[in-house]
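Each chain gets a letter, A, B, C and D, in the order it is written, and its residues are counted from 1.
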Amino acid sequence: MSISDWFKAREARRYTTINGERAAGSEVPDGVWSTCSACKRIVYEGQLVEYLRVCPHCGHHFDLNAFERIGLLADPESFDEFDAGVGSTDPLGFVAAKPYTESLESARERSGLTEGVVVGRATVGGHPVVLGAMDFRFIGASMGSAVGEKIARAFELALDERRAVVLCTASGGARMQEGMLSLMQMAKTSATVRRLAEARLPYISVLTNPTMGGVTASFAVVADVVLAEPGALVGFAGPRVIEQTIKQHLPKGFQSSEFLLEHGMVDEVVPRGQLTARVTTLLDYLARGGERA
Amino acid sequence: MSISDWFKAREARRYTTINGERAAGSEVPDGVWSTCSACKRIVYEGQLVEYLRVCPHCGHHFDLNAFERIGLLADPESFDEFDAGVGSTDPLGFVAAKPYTESLESARERSGLTEGVVVGRATVGGHPVVLGAMDFRFIGASMGSAVGEKIARAFELALDERRAVVLCTASGGARMQEGMLSLMQMAKTSATVRRLAEARLPYISVLTNPTMGGVTASFAVVADVVLAEPGALVGFAGPRVIEQTIKQHLPKGFQSSEFLLEHGMVDEVVPRGQLTARVTTLLDYLARGGERA
Amino acid sequence: MTRRYVMEFERPLVELEAKLEELQRLDLTANPELVAEVATVAEEIEALRESTYADLSAWDRVQISRHPDRPKAQDYLAAVFTDVVELHGDRAYGDDEAIVAALATVDGHRVAVLGHRKGKNTRENIARNFGMPHPEGFRKAMRIMRLANKFGLPLVTLIDTPGAFPGIEAEERGQAWAIAESLALLSGLRVPVVAVGIGEGGSGGALAIGFGDRLIMLENAYYSVISPEACASILHKDAGKASEVATCLAMTAADLAGLGIVDEIISEPSGGAHRQPEEVFGAVRERVSSALTALAGADPNELVRSRYERLRSIGVIEEGSG
Amino acid sequence: MTRRYVMEFERPLVELEAKLEELQRLDLTANPELVAEVATVAEEIEALRESTYADLSAWDRVQISRHPDRPKAQDYLAAVFTDVVELHGDRAYGDDEAIVAALATVDGHRVAVLGHRKGKNTRENIARNFGMPHPEGFRKAMRIMRLANKFGLPLVTLIDTPGAFPGIEAEERGQAWAIAESLALLSGLRVPVVAVGIGEGGSGGALAIGFGDRLIMLENAYYSVISPEACASILHKDAGKASEVATCLAMTAADLAGLGIVDEIISEPSGGAHRQPEEVFGAVRERVSSALTALAGADPNELVRSRYERLRSIGVIEEGSG
């Protein structure tokens, strides 16, 4: 499936089409619209496309899926996916509430993806990169064997071909249905990042909403430059786990991108509209080094 | 002058000999004694020697001069001083309140030293090292050109002869009478430490009372293992400067060795009686590496 | 008498033992009819003890791994190692007592040691945060990893934590960042790394110091991507299903040996390591020493390469056409 | 009209200028006798202006270096550099606004930039702590030094701080440790380092990012082991003697060029850089670019060696017999 076909199919599923009923007191025409989860106002599809799925009223960044992210960053027609068929199996025969195999199946059906991350070769601002994006719709883009394997291969391929790596992360954490096989992906992916770093090839990560747990605590944050989208939730422990542990409510904005910036954890919070230009400029510095521009 | 001669001459000047008068209500015999600055109790010289100049009543560590420190750490007869004649001059013609040359002269007279640090070859627990100790009596063991030069040479010689470095620090900071020549010694000495580190030769520093300012913020703390004597005052800014800046009193124990341990800055607070054994054990690990003991 | 800590699965046994004790306190000469009963109960106890400790479930082992009397990292440091010098601090923020770092010698091998450190009592546990490190704990560990690397000291790690601490300050100071950096650093150390699971192996906080060229686990230690309670409350909305989930998660030493993640299992005395600690210390000393001997003299590039291959091979996937 | 900030040594001139302004406000056609006086005052002003700004003492220059309108690091970033991407944070504790870090391009040279950052007004100065970094500021700087080193980007530093902050939290988080580590790291970078003194060069907090392969200073910048006020209050028990002490400390660009510490001096417009910032920006661009061009392509080992020799040669000693 080409990216543009994929986009169309995806969007078709996503929009709510008004059937006669209108939101009370508002002037919604017949057509396609969404409700902003932050300001609760209605946003028309045309606006959303124009604003890269950022709410024109309040600036809230709607979640993007993997191919939307890639479409945003990759130079036109430059993305060439690899390892699209790599998927997790059910090595532990895991059944709790429902079988893991069922979760995998329904995730594949709903998303059209084999796993929670999409990786490929691309150029960004003309720089050859390995570009990857996680897709939260796939079991929360949790990292099991397949996500870990695809990330590891992405870094290895970048090392072989002397490319930079650009990753957009989004994940609920480790995929518990694969037990320790899943936890060990944290060490495995971090080890591949280290090898890229030793080769002095740049790695830029873009933390998007939400990036939590074992993904944050491994390959997501050990990049040369760490960017974050406005308002993304990023952290190690989930807010509910923390609240249960410390028996108190968390302050507003806790674990947001802006909170992380203040605490020294990310280089910059970059609005979506500026992201591609920013990544390009960073690659100008890091992928070409210090010779004259 | 041999160390033992030096010790005798030094001690002779240091003791207070009681002339008829006795401390009220105490049973002080004729003889040699000191008053502990921490608990104000009287300590007899015999006890002080036995306890390595640690108060037998309260454990307060009396300041030691450079040769006392060296005598404590070096294997008997192993210390061989170098660069004893290196001294600061007065490159800026500095006069404020009194001429710098006068300060240098009187420091030399009082201490019997040419400068605020003594360095030499030695063995410690059988390990060949470069051993150095600062002497607070010499203009507060402040770091001017000569202290910086002696420290730099100490690290260079250790590098040449593949020795470990063990330094006991004590300093009021940079020697302001040498202006920027003094400040630059911070960069110079830190650069020599870095070279030793690149050669994977160990450097152990022992922070003693007081170690402040430009000495703390350069060669004193960038050691592989940082030890501190109990109750030593160690920091960057002096307590009075901080109090003036923040307009409040400092908490008790602020900038003490124990405070630094709690805040992660030193590896261990080691009572003087255990120091030589501890440094020896550390050298066993670091100077010999990981082969079998 | 201190009340004995009773694990769930031991309860029937402990109740029977209590009954026996009660019987024995009676004057048996005055109650001759009880003599037989005492003998019967004693026999029952023997049988029950055997069955109780013979076929432990994953959840039983989780309880043993959390037993308050179970030997802790500092007990191993005292019993298995000699010439121990503890090193403190991350040189930036604090000294996290939930991580212990030391230079130490085991059976003649000079090494650096890192471990999660739980307390033996409430006071200690509060100081050590129940063995749950903050970021500065992992940063202290990284400092010691670099020291070991610099001076060619092999690294031995002792894994025993419920997990990295989930708290406000831990997040503020970059818990995820500290763990990730530790993983990357540990993967590239040019000295042998021997990791030993001695108790709890809770998620990322365990993994941060919990892998290497060898992974040895005590029989009743666990190592898991998530605590069974948390897993149960997410998947079943019922933490009470932890026992069931523990089995699914394949978190015991035996499970992990089956998955090729654990290299060696050290068997424990019946009932757990706390019953005969000396026996366990001896076994750990022997296994760690053997592993260090086997790894000694390895070319650093080869060590890093083979550790990478170890990690790289973990995971079960299928390759579809995409 | 905003009240103009007046430096001590400018006061006589400013008073005379005020007088002239007053005179000019009068109706000179009604007071023809004043015409001559206006001319006289104007002449006096010209003469006084020349003498005021001609022979500046060290203390005068200290005041210029602290002038609130003096161009700050961020002004240089905006005016001298292009394609600026600011990078934030130390990845461990915070983002210290008293240090600015960026990737930037100067006259075609892609570089990393570090600078002390003061504010332009009270609000900014509070956020930036008047340009006095905490340890996390130096740790951010170190992170960017490592980044520059990794990717072969030369480093340009802009020095402008009263000093590292002397406060409780700064000491708690290891102010001395952070500075010392920064000194050691900077000394060993395998990329060209060009340091530029643009304002205040206060002690260890300046030095932490304040030396390299070239040290360029603006004419009225200072660089000193201690502030003249602090030095005077220690040695004279009288901070009022700062003016006198400033001369003793040999802290001006000219003094330091004489000592061989400063390589180049960029002259400033009469009265200071704030009078004609564009002129200064142009000169800084040109000198930094020249220095980078001269250092470009140098062998990294040679760079580190020659930087070491530079540092190593600083100091004046006598070699006695001991």
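We take it that contacts are C-beta pairs under 8 Å (C-beta built on N, C-alpha and C of every residue); 3 or more make two chains touch, one makes a residue touch a chain.
It should be emphasised that the depicted structure is a prediction, and the values quoted were computed from it without experimental measurement.
Chemist: Considering B-D alongside B-C, which chain pair is linked by more C-beta pairs in contact?
Modeler: Answer by contact count: B-D.
Chemist: Using mean C-alpha positions as chain centres, tell me how far chain B is from chain C in Å, no decimals.
Modeler: 43
Chemist: What whole-number Å value describes the gap between the mean CA coordinates of chain A and chain B?
Modeler: Measuring from centre to centre gives 55 Å for this pair.
Chemist: Where the CA atoms of chain B average out and where those of chain D average out, how many Å apart are those spots?
Modeler: Those two chain centres are 34 Å apart.
Chemist: Enumerate the residues of chain B that touch no fewer than two other chains.
Modeler: Each of 197, 263-265 in chain B touches at least two other chains.
Chemist: Could you check chain C for residues that touch two or more other chains and list them?
Modeler: Answer for chain C, listing residues that touch two or more other chains: 91-93, 173-174, 177, 181.
Chemist: Kindly provide every pair of chains that touch.
Modeler: Touch list across chains, by label: A-C, A-D, B-C, B-D, C-D.
Chemist: Where on chain C does chain B make contact in their complex?
Modeler: Chain C reaches chain B through residues 83, 85-96, 103, 105, 108-111, 136, 140, 147-148, 150-154, 191, 296.
Chemist: State the interface residues of chain D toward chain B in the complex, per the touch definition above.
Modeler: Within the complex, chain D contacts chain B at residues 164-168, 170-177, 179-181, 183-188, 203-204, 207, 211, 223-226, 230-232, 234-236, 241, 244-245, 248-251, 255-256, 259, 261, 307-308, 311-312, 314-322.
Chemist: Which chain A residues qualify as touching chain D in the complex?
Modeler: Listed in rising order, the residues are 197, 200, 202, 224-225, 261-268, 278, 281-282, 284-286, 288-293.
Chemist: Residue numbers of chain B touching chain D in their complex, please.
Modeler: My answer: residues 81, 83-89, 91-92, 94-97, 114, 144-146, 148-149, 152, 174-176, 178-188, 190-195, 197-198, 213-214, 216-222, 234-238, 241-242, 245-246, 250-251, 254-255, 259, 263-265.
Chemist: Touching chain D in the complex: which residues of chain C?
Modeler: Residues 91-93, 135, 139, 173-174, 177-178, 181.
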